[in-house]
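Take a look at the structures below.
Next come two complexes, and both contain chain A; in the first it sits with chain B, in the second with chain C.
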Partner chain A sequence: MTSTDTTTSTSTTVPADIAQWLAGRVASYLDTDAATIDLDLPLAEYGLDSVYALSLCGDIEDTLGLVVEPTLAWDYPTVNAMAEFLQAEIA
Partner chain B sequence: MRYGAFAEAERLEGVLGDPGDPASVFSTAACADLDDADGFPTDVCAVLDGFDLARLYVPAEFGGGLVDYQDAVQTMRMVSRRDVTVAVAHGKTYLGAVSAWVGASREQAEKVGALVRSGLPISWALTEQAHGSDLLAGGVTATRTGSGYRLDGEKWLINNATRGGAVCVLARTDEAGGPRGFSVFMVEKAKLDPATHSPVPKQRTHGIRGADISGISFSGATIGADDLIGREGTGLESVLKGLQLTRTLCCALSLGAGDHALGIATRFAAGRRLYGRGLTELPAARHRLATAFADHLLAEAVSVVGSRSIQALTGEMSVVAAVVKYLVPTRTEGMIASLRKLVGARSLLRDVLEDGAFGKVERDHRIVSLFDGNTLVNLNGLVNLFPILLRTADNATAPDTDGIRAAATVTEPLAPMQHKRLSLLPRKGSSFLLALPAAVAEVEALAADDDALAPLATAARALRTALDGVYAAVRELPAVPVNVPTTSFVVAQRLAACLGGAALLQLWLRTRADALAETGPSTPLWRDGVWPTLALDRLLASVGTPTPAPQAHYDTAYDVLTAQVGSGRLTSLFDHRLAEATR
Partner chain C sequence: MTRLEERFGDPYNADNPFGHRTILDADERSTVAEGAEAVLDEFGLNAEFVPEALGGRLVEVDELVRRLRPVFRRDASLGLGYGVTSLMAGLNVWLGGSDVQRKWLADLLLGGGKASVGYHELDRGNDLTNNEFAATRTEDGLVLDGRKEVINNAARADAAVLFARTGGKGGGRDHSLLLVDLHQLDGGTFRRLPRYRTLGLRGVGLSGFEFTGCAVPDSALVGDLGQGSDIALRSFQVSRCVMAGTGLGILDAGLFGVLRFALERRLYGQTVAELPHARATLAGAYADLLTADALVTTATRALHVLPATASAYAAATKLLVPTLLEEAMNALSVVLGARFYLREGDYAGFGKHMRDLPPLGIGHAGGISCQLTLLPQLSRLLRALGDPAPAAVFTAGAALPELDLSRLRLFAPSGDPLLAELAAHGTHPGIAAALAKLTADVAALPARDTGVAASPAALDLTDRYAALLAAASVTGYARHNAVPDGWAELALSRLAERLTPSAALPATHPAAEGALFADLLDRATTGSGFCLDRDPVHRTLAQ
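Showing the complex of A and B:
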């Protein structure tokens, strides 16, 4: 259900470890430390509002230069699942 | 000036006739009697069916007559200005069908379109007794069988659940739930085994008493795979997108209720004499009416821009709908409450003033801020958008100026609706907010050449300052979306006021030349920035940054209000003759 339509970007630096970067973003939304985020646990388990989770697509666009569907976090509900998808898109 | 969106409304008015005529099916007197009896407005709905009102519930691309959403708003407003109960009872079918417009395949949407056109009432079954507005907690399940699904569980407080011939049901298709764990089904009762579903009795209510507010219970009801709307797991997405449309369209109910209440209060004030003095000779009474009218014009302006945005700024409707659904019903509730103080004891009497309609419209309208996402749900929706709104403001993202122009220039034809463009997130922020500084500068430039616009320029600057304050407040908020703090809701209220203010400024800027060129009873509102200055006064006062408009502006509004009501015209920024028009 999720698709990307552009992958071009000139001003962004892609973090080497997308999963760690994503965990950092999620942690900031939850006001907690990235180390406490289990990369294989659905974000909803942390109580993250499913609509609020849509905001992640903005961070992804800014940092990775990838335009993704807002529902990315619904289709790939864990940090690792999202990172795997994004890695494939960048490659 | 006239507003093209009233064309269908005018035709409907011609069919329905003067609501003050007791011989008319859709009269104030008939509606009052139905209300006394908790009676469903069957005969009135039959008249609306005769008009084929339901063609406005089906987009043209799926076989209906809905081309511009703004037309549906203004037409439904004519129903609501007579009786909110009827508007709720009949208009519900749009809500029942909307999931198909946003989430179904073309073939399926056309099928639903034909169902609606056949006159079948369709209801939208989202909520359940134990979970309120928390849709992801829903317990109704749709379990896969060999050929389709099996529905089990109960939906409750569903408008038309009992009378509806079809029910659009949000059901859990993944035991684990979650945002991809729900799907939407179009359930036609005639296709079900009668033993597998039963109505949950209508609740008696303090408002919209005749409406069928009931429930439906499924027990092993078998439905086909082709009753699934879109793909499995897309239920929440299509409901959230559908709500962007329905929440915006809800403004029709508030505008109609506001028209009704304002008309009653204005007629009452004009005729009321005590000790040889007319009530309207009292400056306080005139000011109360003028202030109510300012609130109403504010609601109308936000509704006009909001409903045009459906087609002009489709991708931004997640934020626009939340603002419209928060601002318009709450402002209208406040306006009616204020008018109640003017009408006094007669607002409570059943038989003394216009069949007791004032008390009824106040009771009836209370539903609007509750259903289809209540006030807090909509504010929470805005809180969810804080990160993207702040990010796009900080990045100085370019607003969609073409979209703004189309949304705010009422004489400009709208592009055809593309439901696929609805998005759960305003990816590029809110154009109205991003364009506010430029709009303020535009007003200031006009005011530099025209002293009469100085009050509007002052109000516009205050609005810009208020928005800067909102951004500063959002930055200070803790980024903890799990438990939304009360302060976030307060900031969301201020944000909604700023967006509403930005939208109405655009409406004045883009439409005023046409409005001034075509003179009519409403023209004085458009001169010297009278109506936007009044509307901003009301908005800014509500968020704690009062910027009073000149008394002369209130006097102008009072004069237009009495001229409109006195001649049977709609209480509006535009010139629209109602069925009871005298000249």
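Showing the complex of A and C:
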């Protein structure tokens, strides 16, 4: 159900480890350390609501050059699931 | 003159069966004028809600808003009660339904049937993701439990689109939309709730549904299981614009009523209209009506031209337009004086229009809910200036690309094309300063302050964004169309004052106000409406 458009953004440097990068973003919303984020735990369990899904979409567009909808966070609720999907989109 | 305008006739003609008197009498009895719905049946108003591909007349959303205006000028209860909610239900099905569902609902509406839209539960308000009405999957279908409350036409609808909880994982896939044939439900497990009494929109039949283990087939699902929020958030973009647009007819009628009074009534040896305060109030309300129309027109056209950013424009429109209209009606009520408070006489219609406006603001999506749609998007919209919007967004009558609901997005990309209009073509210094200030304030807003726990200061950013979009709409519309002299100047000055209230009295614009008042008077005497399209209307000043 989730779809993406690839945009050609010249200024983006794709992080080598997308899961670690996502965990860092999530940690910054929660004001905590990336090491405390369980990559296989649904983000909703951290109290991340739909608003953070929107912020995450923005970060993904800026850093990975992918235009995604907030439905991404609904369909891939954990950091690892999301990273796997994004990795496939970039490849 | 449109057929509906012709058919409903002059509201001030005492013999008109659809005149103010009949409408007010009906409103006192919590109903609409007898025969008025038959006029809409005869006109086939429902066809306006059905896409052309399915046999209806829905092509361009801004045209739809204009076609509803003659109805809302007379009686908002008639317009809403007859079936704007059928459109709200329909949009979900046009977007997410199967071919069978689309054809079934299209045929039902084209045959004069009614569809209710069941999102609302009294205990949950706009907090849709915590809705409790549930659909449970069984081996051979779905079982419905719970209530939907304050639902238009629930007592008589043939079909309903229902927003139901179908999961409990958290996140946006916990809800689904169902299209239900209400005549096929088991009377033992489904009932229609009694009517609610309301302050305004008294003629609208608001009631509800109660389900207690009511079985429906799997084929009731609109789209996939869990796709409810996704579909709803896209179809809301259209219905938010349309709901805001219906309010234009109310202020148009209210402004005419007060102008009529001001020209007729003599005080201190002159007519009220000759008093500078009254004249400035009338010109100001007229300017704000045109401003609201510019935003509605731009947002509805953006659904076709700029679908990626339409979620922000629709939310801003539903946020600002009802506020602008209500404030203008409040200002006008002062000119009407004591008559504003009377429920009888020639000007009692004004009080009814005023009662009917607030529910249009609350209904569907309240202001806060629109603010929460906008807030998390602001940092991206304002980060960089996008390419300025194409002229088709502003140019009345220019061909529009087909409305493709699947191209509407939930989250706008970087760079706002409408705000770019302000940068590209220059604007009032107060507007330019407010845009710079908003850009800086949004850049400093932390992500954690963009959700439901946002501070009042953060929510204020969304009000400022909406006012700037209105300024961009005024600027763009005035660049591409013939507009009344003085409007753009006065409109931008009033928006700048809204954005940054000054301690001193607001600057006056006697030339612009004078020109606008003259135009208002000219329209009133030549049978033209007060919206941007200057449509022919049936209404007369006092002899």
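Miscellaneous remarks
To be clear about the criterion, the second predicted complex is superposed on the first by the 89 of 91 C-alpha atoms of A that agree within 3 Å, B and C clash if a C-alpha of one lies under 4 Å from a C-alpha of the other, contacts with A are read in each partner's own complex, and residues count from 1 in each chain.
Definition applied: a contact is a pair of C-beta atoms (placed from the backbone, for glycine too) under 8 Å apart; a residue touches a chain by one contact, two chains touch by 3 or more.
Since the model is a prediction, treat every value here as computed from it, not as a measurement.
Of the two partner chains placed by the overlay, neither chain B nor chain C lies in contact with A:Asp38. In the superposition on chain A, A:Asp17 contacts neither chain B nor chain C. Of the two partner chains, both chain B and chain C are touched by A:Ser55.
In the superposed pair of complexes, A:Thr71 makes contact with chain B and with chain C alike.
On chain A, the surface touched by chain B in one complex and the surface touched by chain C in the other have residues 1, 28-29, 31, 42, 44, 49-55, 57-58, 61-62, 67, 70-71, 74-75, 77 in common. Chain C makes touch with chain A in their complex at residues 129, 169-173, 224, 226-227, 229-230, 372, 375-377, 379-380, 409-411, 413-414, 447-448, 450-452. The residues of chain A lying in touch with chain C in their complex are 1, 28-29, 31, 42, 44-45, 49-55, 57-58, 61-62, 67, 69-71, 73-75, 77. Within the complex, the chain A residues that touch chain B are 1, 28-31, 42, 44, 46-55, 57-58, 61-62, 67, 70-71, 74-75, 77. For chain B in complex with chain A, the residues that touch the partner chain are 136, 178-180, 231, 233-234, 236-237, 240, 381, 384-385, 387-388, 391, 423-425, 427, 478-483.
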